[in-house]
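Below: the structure, in structure tokens.
Order of writing sets the labels: A, B and C. Residues in every chain begin at 1.
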């Protein structure tokens, strides 16, 4: 169990982490999701004990460990850069934490070989890291974190420097490999899609603040506010200002959409996920909006159609190949039941 | 709250003790002398700021100070551009790299007084290679009697001894510029000068700050080489502050004024270094 | 602007290459058409960067010739080739302002001042940095710096091609969307030949008109997004394009049927099966539908990734991945149906063509 109680970090008058409380349970996978400089690394360093919080306390298994040196805590960390001992073999690299702990040779051998097997490094145990591919180097670093048997494993964008496809494979393997160890796994990433693929829990970060923490899929489906919804959307969330009068939201350009019941008249912000926009009506309350295509991007199975709407750039993600030309006028349908409604100050009202 | 683990500080204790003995305690002794007068026998009398007043108004001090500033200015004006130029011309890869680096390091490995001795002999117009050659060419060169020749010799000696340091610093700085910058400049059709002006020089600015500070401080404190070669002469032509200071303290046993002078000297170095540092790093983020 | 022809180009970094394995780039013979946008897509070590460096002039190919509009440029320097390049990490001239950065390539080429001013203003508008024209470039963030790098290529009227070397690596995901679509718009406006190197399939497919998929020093297929997705020429393309990649199932052929364990599937019409080769079936996860009829499968795991679900299971003991919709149901006795006409047959990893 790792608990942050009202932990904050201020460096030279600049707030890196606003007071934050967080509780992480053993065996859980926790994703920190946010753009660069949102405080992911600062938070990881506080958890590890590499930095001392400006205020607040850090608790591990019911003990106050605030300010306890990282070496006395059972913590493993893996970075975006591949950090290995260049002069040691892969075997010795993986064995290094066990050697430091003066484990018996037989135990070291068994643990290293087991970890290497899981990380598919067995053929490379006698090689040195720099003769391996990036993926293998990062696997070595991960295997080292694994054998350490740490109760807290912190991964700071560990796959960011790897090829797209390699990322896909490791992303699938990692949670399962570490889940067996029973450690608390914390994984920092900038990519919403990576958080979704990893599953577990997600904390979305924005300007040094955790905006929401919960089951990954729950945070994605039911964001508490506009900031979280935007942070956790890839492609970006489509938003538009709307005014409610009577039963409808009035959007720019004379478009009106059926509003959910129980909302007072006044200004709102509507959010629509790109894959909830469609080229045909999905229900009888579906509203068709006239759009002028700016760019179409095709991935082979799906198309991203970009168009300006209500003063911002919107994107629709739709299945199939649709080669719309720039300037082409199309009709895009918006299903009111899939719409997120936020108050003018960004609090979620309807999901 | 639990105490933060400060054990790392323990490792600095030996260094702190060493610095205390080698720097802080002597400095405090100097401060002590600077405000007192003595005629020996460990009898001291308090004189306040008298020595400082005397030093700051003494022509001898001001003349030496001007000599120092002129010397440092000339040294920086020669060594920094020359060092950058040589660094730019050094090979970037291949067998030439280690050869150049070793050649460049050689002058730095020679002790100060040996440099002085080498040049003293080298410049003699009866047996020295340089002096005799110049004489053979009909040039009247004599560092013992001609102030300009003496300055020229001391400057040449310092340039020979220390330009390598600037070269090595700049070479390391240049090596850290990613290839992409050169490729981009090539693609943009940049001339060699434009490449230097807009890529190399900006990327070298930090390294150059360090080079300028090191060379300023070192040249401002120059002692051994002119002492060995010219002994401060002819006349007082190459009597720099450090030489004057030693004369005053040891030759004339004027410990009080010498102490005051060394403090002023120290403060000037600090001040000028600070000015250099501030000016050269003003653009840094 | 120029068409770029790679004429039987091969490259080895070591001297005296003896076997094909010594070549970082095995034979590439292809013409990139004038004004089109291409991507070179592949994993690290596939030779895509070597190929880009050959085009830019940083690497001279061991064999073959490089032609720009029919003119041999193999021995020309980078400068002589008139190309522009955007690098992985933003390269800007720190001490210059944004406008000066854009003017730099023109000033170096002694373009008249009035013309420079007009051209810079035009490009500043297009890359959306007009408001920052007078700001020092060092203070900008990564995406603005990448726009400047691109802008330095766009200001030049005579550029043969603009090359991109994984230009979005240091850009945050949200900004990637913006930059990518802007890049595409700029390509359309300027009509320059663009070549974009990346390992990210989304970037390659969405940016380029034609994507060249590279694998172990060779271009295995060149095509648009739909071709690469629907008709991968090689199982590697099937695996590399699409996320998750294509299911590749080893089969036995029995007449017109493919036999997978105890199950049989009809082979696509017109495919002629050669003898003595390993035959595999390639099916995209997107072309499989979960339901109560079809081939019986076992489900191991369902990953809810928001807008859809990735179902991982086994068909006759073989791994099978299915892409299911966000809110579709998963029956207790799951079966899977294959979308008609979407199955590829591969012999020794290469796709078999259909003959009428």
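Here is the rule we go by: contacts are C-beta pairs under 8 Å (C-beta built on N, C-alpha and C of every residue); 3 or more make two chains touch, one makes a residue touch a chain.
Quick caveat, the model's predicted, so the values are computed rather than measured.
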| item | value |
| --- | --- |
| Chain whose Cα centroid lies at the greatest distance from that of subunit C | B |
| Chain pair showing more contacts of the two, B-C and A-C | A-C |
| Centre distance in Å when subunit B and subunit C are each reduced to the mean of their C-alpha atoms | 57 |
| Distance between chain centroids, defined by C-alpha means - subunit A, subunit C (Å) | 25 |
| List of subunit B residues in touch with subunit C within their complex | 178, 180-181, 183-184, 186-191, 194, 198-199, 202-203, 283, 285 |
| Of subunit A, residues touching subunit C in the complex | 35-36, 133-134, 163-166, 168, 190-193, 196-197, 199, 217, 220-221, 230, 234-236, 273, 275, 294-295, 297-301, 304, 306, 313, 315, 317, 321, 326 |
| Subunit A partner contacts - residues on subunit C that touch it in the complex | 43-45, 172-174, 177-178, 180-181, 184-185, 188, 199-202, 205-207, 224-226, 228-230, 239-245, 284, 286, 303-307, 326 |
| Contact footprint of subunit B on subunit C as seen in their complex | 56, 58, 77-79, 83-85, 87-89, 91, 93-96, 104-105, 108-109, 138-139, 149, 152-153 |
